[in-house]
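Each of the next two complexes has subunit A plus one other chain: subunit B in the first, subunit C in the second.
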Partner chain A sequence: MRDQRLWTWHLLAGLVILVFLGLHMGIMHLDVLLGIFNPKDPHPVAWANVVERAKLGFFTVSYIVLLGAALFHGLYGLRNILFELGLGAAAKKGLNVTLTVGGLVLFVFGSWAAWAAGALAKTL
Partner chain B sequence: MLENKGHPNRLGIWGWLGGGKWGLERYLYTLHRLTGLGLLFYFLLHIFVTSARAFGPEAWATSMGTVSGPLFVVGEFLVFCAFAFHAFNGVRLGLIELGFAIGNPIEPVYPYRTSVHEQRPLAIVMMVLAGLVVLAGGLDFFILH
Partner chain C sequence: MTAPANVTFRIRRFDPATQQEPTWEDFTLPYTAGMTVLDGLRKIKETASPSLAWRSSCRMGVCGSCGMFINGHPRLACNTQVTELGTELVTVAPLPNFDIIRDLVPELRPMFDAHAALMPHIIREDTAEMQEPTGEYFQSPHELEQFLQFTYCIKCGCCMAACPTVATDPAYSGPMPLAQSHRYNADSRDGGFASRKRVLATEQGPWKCHYAGECSQACPKGVDPARAIQLMKRQLVFDYLKLYKQPCPSKVVAKVTTITRRPDVPEAPAKTI
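Coming up: the complex of A and B.
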């Protein structure tokens, strides 16, 4: 039951990633073809572009959503792969705790960075 | 999740990588797994590299400086390709797991047919779409820049 529920979240997270990572890849790597959200400099990762995006609340929110979705989706995927090795109960438990705590720490750190970059950009 | 107790993988690495008699979709499975792990590895580093923007322009420049150069361009293109494949194949898996595009149930009459025949067109369409996105990426990465 619990695995079925987590799997549904895994699939839903995949959909969220599809939308926001699709946009992210379009901005960063199809920059010449699409030319979106890089108002200040032809180079997508130029500081001036980073600041312009960070000023928009949309990017702060969507980066945090993408961070959470990708962490859950990726770490749950890794858990599935490792569980296929036929781990014992204690190893499974340890892995669950490690991945959950690790994922939460990265989520808090990355969310803070997205928020702090937005706050910094608004002062510039 | 499948329990594999009692069904050990006697073929070792080849049992994991090889398609055996299962064909195209079995290779897509292997690639999906490889790209998933590759994307996860990149993404975990990416969180730290890009968080430098919270510390201002100098920290950002230092951070971007450590991940620039031709080797990183090629590496980023590989990440882009992994994304294109994993995304389209992921949509295919999601559709199939929810019961779309696998055809209707049929009587199990010999010679048995599997739903793989019904699924194949979706796999081909998704791989063509992923290929087109990879081509667009290659154009942007290496020719237009």
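Coming up: the complex of A and C.
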């Protein structure tokens, strides 16, 4: 049942990425027109706008969800590619453990970075 | 292409008992009208190389025995006219992605093992009715359409030979077994989805399919295994999300006995067995 579960989550992670990619495009490329998320400066990556967005819990959560979805989606895809090299059972198991541990480490580090940026922004 | 005067068959030969590596051997034959690749192989065996080995049976694209790698594509030798290849040189090799037993004979056992593991038969709880039918399982024309094209598969192995995933991943069941599994999952008379899912939800299932579509291109019977695999993926994803509920297998209905034959339709011949 594991492959059925992983594939389904792979698809769901793809959908999450699609939604957040749309949000990213809206904020970075359309918001010059809309001005919702960039209240301080017309340019989306201006320091004042970045700080303003980082103060919002919505963005902190968004960064963490996107990070999790992108890591899972990408690492599962990488796993499938590497499995097609004709690996033995031991190598497959080792690869599963490596990718899972690596993914979790990156997720924890990235989540901490997103949370810390939000906390820092609130002090500015 | 206009018919050539002569056709050269370049055939890959391999006898594991005496050879380490396959070799190529050329045979030139005069072209005869309507010559198929299988006709050429027969002529070569009769006149030049009695030891040449291949599988064939029906000679009419029905049995699926003579799948071969002809001019770089998996095809049925009996169904391939020499003129349709557009060249006077016909290269013939055994189907890729299989071990070779000898010359043009591939070892198809792994394919049929994967096929059997996916339970390609009707599974129902009313086994007594299946053994001793008292009526017929009802099936509407629409329900029949859901799987009909997949029943045309002749298990020739051409799709397996064309599949890039089968070439690289020995755990993957391959297009033929998966398409045949879907054929029964999609059959309204069947109730075996849960049983098949125990295999399909694992590494043997459809997950490694890249949707290259080569299997559907190669199929000599026009079956679309790539479509079956994508439908199967959708079914399994919905099942994981608890959005798929297999309908109850169709009910038994009494055999129709009230229909009278139209006067212009002759009776069927008497049974011979």
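In the analysis below, the second predicted complex is superposed on the first by the 116 of 124 C-alpha atoms of A that agree within 3 Å, B and C clash if a C-alpha of one lies under 4 Å from a C-alpha of the other, contacts with A are read in each partner's own complex, and residues count from 1 in each chain.
As a working rule, contacts are C-beta pairs under 8 Å (C-beta built on N, C-alpha and C of every residue); 3 or more make two chains touch, one makes a residue touch a chain.
Since the structure is predicted, the reported quantities are computational estimates derived from the model, not experimental observations.
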Broader residue contact with subunit A after superposition on the shared chain, subunit B or subunit C: B
Contacts of A:Gly86 with subunit B and subunit C, given as first, second, both or neither: both
Subunit B versus subunit C as contact partner of A:Trp112, first or second or both or neither: first
Subunit B versus subunit C as contact partner of A:Val50, first or second or both or neither: first
Which superposed partner A:Leu11 touches (first subunit B, second subunit C, both, neither): both
Contacts of A:Gly77 with subunit B and subunit C, given as first, second, both or neither: first
Touching partner for A:Asp3 - first (subunit B), second (subunit C), both, neither: both
Which of subunit B and subunit C A:Phe58 touches, first, second, both or neither: neither
Where subunit A meets both subunit C and subunit B, residue numbers: 3, 11, 80, 83-84, 86
For the subunit B and subunit A complex, residues of the former touching the latter: 1-5, 33, 36-37, 39-40, 43-44, 47, 50-51, 53-54, 56-57, 60-61, 64, 76, 80, 83, 87, 90-91, 94, 97, 136-137, 139-141, 144-145
Subunit B-touching residues of subunit A, taken from the complex the two chains share: 3, 11, 14-15, 17-18, 21-22, 25, 29-33, 45, 47, 50, 54, 67, 70, 74-75, 77-78, 80-81, 83-84, 86, 106, 109-110, 112-114, 116-117, 120
Subunit A contact footprint on subunit C (complex, rising order): 165, 168-170, 197, 200-203, 205, 207-208, 233, 236-237, 239-241
Subunit C-touching residues of subunit A, taken from the complex the two chains share: 1-8, 11, 80, 83-86
